[in-house]
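Both complexes shown next keep subunit A, but they swap its partner, so subunit B is in the first and subunit C is in the second.
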Partner chain A sequence: MKMTVLKSTIAGMALVAATGAAWADKANDTLRVAFTKELENVDSYFNSSREGVVLQRAIWDGLIYRDPVTNEYHGNLATDWEWIDDTTIEFKLREGVKFHDGSDFTADDVVYTVNFVADEASGVKTQRNVNWMKSAEKIDDYTVRINLKAKFPAAIEFLSGPVSIYPSDYYAEAGPEGMGLKPVGTGPYKAVDVTPGQHFVLEKYDDYHDSPKGQPSIEHVDIRTIPDVNTQMAELFSGTLDLIWQVPADQAEKLAQMDQFTVSNESTMRVGYLAMDASGRSGETPFTDVRVRRAVNHAINRQELVDALLQGQSQVISTPCFPSQFGCDSDAAVSYDYDPEKAKELLAEAGYPDGFTTDFYAYRDRAYAEAIASYLNAVGIDTNFKMLQYSALRELNMKGETPISFQTWGSYSVNDASAMISQFFKHGSLDDARDDQTLEYLNIADSATDPEVRKENYSKAIERITEQAFWAPMFSYNTNYVSTKEVEYTPTADEVLRFTTMSWN
Partner chain B sequence: MADVTSHDRLLDEITGPTPGQMLRKRVFGHQGLLIGLAVVVLLTLVAIFAPLLAPHDPYAQSLMTRMEPPVFMGGTWEHPLGTDHLGRDYLSRLIYGARVSLLIGAVAALISGLIGTAMGVAAGYFGGKVDAVVTFLINVRLAMPVVLVALAVVAILGGSLEVVIVVLGLLLWDRFAVVMRASTMQVRRREYVAAAQVIGASTPRILLSEIMPNIANNLIVVVTLEMAHAILLEAALSFLGLGVQPPTPSWGLMVSEGKNMMLFEPWLVLIPGAVLFVLVLAINLMGDGLRDVTAPENRS
Partner chain C sequence: MLQFILKRLGLAVLVAFTVSFISFSLLFLSGDPAAALAGETASGEDIEAVRRLYGFDRPMLVQYAEWLTAALRGDFGESYYFRLPVSSLIAERLSVTMTLGVCGITFALLTAVPLGVVAAIRPNSLVDRIALFVSVAGQAMPSFWFGLILIVVFAIQLGWLPPSGTASWEHFIMPTIVLGYYAMPAIMRLTRAGMLDVLSSDYIRTARAKGANERRVLFRHALRNAIIPVVSLAAVQMGFMLGGSIVVESIFALHGAGYLAWESIARNDLPTVQALILIFSMFYIVFTFLADVLNAWLDPRMRTG
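Here is the complex of A and B:
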């Protein structure tokens, strides 16, 4: 009997010890967060997901930092910068900054990183983030110049976003593979445990420099990948998670009614739109007729979609870009009000009094896609609903085989209209409009250095695109962040979780 | 009174009941069969008369009245079973969903029945090389997991009602072939088959009028089993987003669409799940019952 008691006590203690790590919480100064998606590689140049951006902002720093609230640029690893000419920027670097592995941050690190990622052969996943840079050169230990391939007014925005600086010696040795498994940066958190498929553990970096990101307060962050939202919520209920994000609106609404959780909602830059094959790349299609495209615009009740489905901070969008982006002037856009009768009239004028049938493609948010398809059905446009994986739909898009599709674009949180309009309307493989007039405006806007000229030409492009109804822009997305009452966090409008600004209540 | 009873009993003993009387007695004495039959007939009628029965248009979307609860959870009689995530009437979608399920079950069972029976009867009757080929094909088919193959094919061809029916029809013939082959082998050694051969009946005539009527009872049982199987597989494919495509109401699709709200609005999943369960159970009960009734000597 005594033996049994002893045995069960030991077993119990072992159990407590084994589960202790998983049950860490405020008492252990460990914030437990869930990601929905698995990362291909933690190295931020070699993944293209939102979760990757979150880790990038925690582990690494860029030369410049954009305040997510005021949108002002501050020096981060650089203290000062200056345009030498249209294609050269000179940076004064911050002194005394150390990487997580103890090495000093100098001009060599910037030169190595920029030269590595700008080289197309290195295979950076999102080329648009880096392919505007030609090279970097060292002036002295704390002065560096970045040379651009051509004029690129959005350079500062990109340098404050996806371009982060890696330690030259370590990166040269470890490469993207090694960096992905054992990341080293200058950021507010260092990665102490990266176990792909299980979790990432971050630890506060005590020697973090005096950065505009602010000083981290929570000691540890434990991030686990849990693909199913219901499971995430169940764990939140049972107290094994402290913070979840990207929670769908309906569930967030229910969670908000519970006392023990804080639900905050923020807008994101992601815009949902219908892309139509105006140039007839997919063969004979009614969408080559501008009246049909306008009919589609009139058929959709955007306000109802926003009020009932997206909710939160989402807004009706009539521009082919997000209104906070530089150059994205909502006033320039021709907007189409919800008018199904007018849509039917336009269809009849275009020669489709009884409507027509088309393939309708979508890759995410099936509920939204179904609701949109249902609006089209109501005016006589019958849809063969086709839900595909993102990569499959993108491939079809590139081949020009989608007459109409429900798409979204998040602009990589780059606050410049070029990140969206120029991505899709410059006759690239994803451009179904192939409109010369639009291309002309965008070419001027993308390369001009005078902000006024840029603004004017983006406005012209927006007017042209909406007047011709190449797309049916619909709404912006929002993200719900749900945490226990113990966590203090104010989310920002760019869909990036910032652990640095989190603290315990 | 006693005299009459004993007299009747005596009479019964002498003449015995007719085969029709015996069948009727077995049918009405078999509860499972009756329940199963009643549910299947009821749901079939619902499917046929869906446009008359459904209170609303199953496709009519009303985003302002989303996810209203069913009447037994505080909802209104306007939507007796509530509304789904797009504000469509749940009862109407359920009623129209019966059409999809039964249509897929029936047609898939028909296609696979034709393929499987033809192969099985041929193998059982001719034996030899024909049998070897058919047995090989059955083994090949059994080695392929149905769900995986269906998923792959539907993923390549794209999901639609027709594709799902054809894919399931082309995949579910194995049990027909196995059962029909064994039954035919038993029957073809019977005297009446030999007699038909002796008087010079043609092979098709022997197969159709001597063999088929005597293995039909087994066929019916397999038909019901495969029908239930096809209905479940359709629901599974639709749940995975690869079956019937929205906005077509399918029970599997309804479960899938309700899944996200399972924690807060469990009835979104429970209602279509329960109906699916009842239909599949009823078809299985009916199949078991038919086997018991038509071939009581096989009952173990």
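Here is the complex of A and C:
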């Protein structure tokens, strides 16, 4: 139902209609929010969606907290931490913290949670978030050590993000299913009602500890899953929702013109790029020639894509990672200007004076992919465009059957270049470059403990990848947040809704 | 008769399982279940881990046989996506869809049959024209468009009804109208055509000639015969509503079985999809069966057939 004309009509009609309706449910101190996607399980180790991250940050706490604005690390459930050696971190835990069920937070909870999630047999869905940990051991009630499987400098970043601490006794009894239906954590909000996938009600936790997340202000948060964006807007107009997010650019623009709503745009870590089969996994393909790959990089007017289609806080990206990530140095990247003539010359040099025809795949954002295809057509690369379901394209990617495809990667909000570059260039099943030089740099960068050594090697890898034009990095994504004027909220660049920092105007 | 029913039901079950086998194979063709399950944030290694964990690396036939033996014992397994028992998941969603389907078909019958009868009694009159317009509009208007228009008018402009959700009976009014309106035109046109046909037949002339009053002629003699094809059609429509109200469920955020099926296909949630397909095909079978029984009651000639 992505019919822009229809959406505009609805927005237009609603614009005329929505005057004088009852606004936010400030009177009941209940913030009403919509999710678009059905969340599979509230237990954050058993879901892989953004909605899950939002609830995770509200219901649970990690040992460490990263300030989303300054990117500095602060203690949360831990007050202090120290690297004992390359694979051991010792934490001093905060005393006096209580879980929502009244039990005390101690070293036992950390030990149980870490040992449970690190065990592959537990079936944690997002393995990369936890599979770098080996085990945890209790030193005393408020001192604990986490042992790593191997050197893993991004540990602190992961401990400040996806790794939350669960209550040991309750989790042992309830398991992921029970935790998903009746979540218990130490976080600023407790879950009081969960209808799987559909409805989540949170209530301010009055005994929330003195956390760097800040103290919650709004009493209740009521989240409903409404799959259709038009319906979400209708709810907003009729005063039955206070906040929606991930609103498409064309809709947000119209809403921004209205007095009743605040529209804010923030960039996200998601990067869009073209992946090319440089190693020839898909058989005979022109993309094994570096001149062809450079031609692709020169062929696309990325600035125009950003200005016309993505808008907002999106920016042109030249790196195979998001520039705020540790190690993602834009200066190290070889950048390719929009120059269709140059692209044609390079193609001619490579032996394709009349261009060639290739299959071109995408799984989301058809409009962006089609615009990219038309730029490629303009320099002589004819595309046989195929839009597939995500799972179908991933299958082809893993088998190495896609000569060129439009891909995106959100780095699961981890602010470290390893979350993107190292996922794709270390000869895994999704690596079409299979470049030994890049692998060597990344192996050093991923395991070195000295930040300077890491930076240096990520830079070398970025230079190598962009000089060889294994990818054509395109742009970063953005997201729109729309709320009634009653709601005060400043979104952050990591695409996580933080109820703790929301308040009524 | 009993033997006939049992034979038919046995055949129906076979049909249902054939459908389920075909859908199982199609799901494997439509995309990598491990990739779908691991989600869009998964790396290649995550996907491989999921593949091992759920046994997707085994031959498809083995996986189907495993599902089938469990299903025959009444165990539909656990949803890959929600990690909840499929049976409880579906039971919860199905109640929404059933409510909607029953309301929708009732609304459609209550409006379409009288309109069809009136249109047939006075062909080419103003009422007939209006009925024709209503049915053409209903057939031409996509339900997502109609649904959104209703939301704009009744939820935003007038503020009479809640835009979406399932919290109260008022939440079901707009979805019922949208779903019912979609089924209405066919029922009405069929009623009208059937009535016109019957009203010009000899036995109606005979009934009128022997002085039966008009109401008796219309309802006892004419409608009873004209309604037979409508009953079959309504049964199919009902089956369709229970399995196919995806658009309506999505627009009004109803979280019913249709929407669950749609989403589960995209998520390659095999146990959920398989169970739903089995249930949906059973619905069709049961409703067509009930329609036959009802028709046999309406038309004695069919009882021997």
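Please note the rule applied: the second predicted complex is superposed on the first by the 480 of 505 C-alpha atoms of A that agree within 3 Å, B and C clash if a C-alpha of one lies under 4 Å from a C-alpha of the other, contacts with A are read in each partner's own complex, and residues count from 1 in each chain.
As a working rule, a residue touches a chain if its C-beta (ideal position, glycine included) is under 8 Å from a C-beta of that chain, and two chains touch if they have at least 3 such contacts.
If you're wondering where the values come from, they're calculated on a predicted model, not measured in any experiment.
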Touched partner set for A:337, first subunit B, second subunit C, both or neither: neither
First (subunit B), second (subunit C), both or neither touched by A:104: neither
Subunit B versus subunit C as contact partner of A:385, first or second or both or neither: first
Touched partner set for A:173, first subunit B, second subunit C, both or neither: neither
Which partner, subunit B or subunit C, touches more subunit A residues: C
Subunit B versus subunit C as contact partner of A:230, first or second or both or neither: both
Which of subunit B and subunit C A:367 touches, first, second, both or neither: first
First, second, both or neither for A:430, with subunit B first and subunit C second: second
Partner chain in contact with A:467 - subunit B first, subunit C second, else both or neither: neither
Shared subunit A surface residues [contacts with subunit B and with subunit C]: 230, 234
For the subunit B and subunit A complex, residues of the former touching the latter: 59, 61, 63-64, 66-67, 85-87, 158, 160, 241, 245-247, 257, 259-264
List of subunit A residues in touch with subunit B within their complex: 229-230, 233-234, 248, 250-251, 254, 301, 304-305, 307-309, 366-367, 370-371, 373-375, 377-378, 384-387
Touching residues (chain side subunit C, partner subunit A) in the complex: 30-33, 35-36, 38-50, 53, 81-84, 89, 144-145, 148, 151-152, 155-157, 159, 162-165, 247, 250-253, 255, 259, 263, 266, 268
Residue ranges of subunit A touching subunit C (in the complex, touch as defined): 1, 6, 10, 13-14, 17-18, 21, 38, 40-41, 46-49, 120, 123, 125-128, 176-177, 180, 196-198, 224-228, 230-231, 234-235, 237-238, 240, 388-395, 398, 410, 412, 423, 428-431
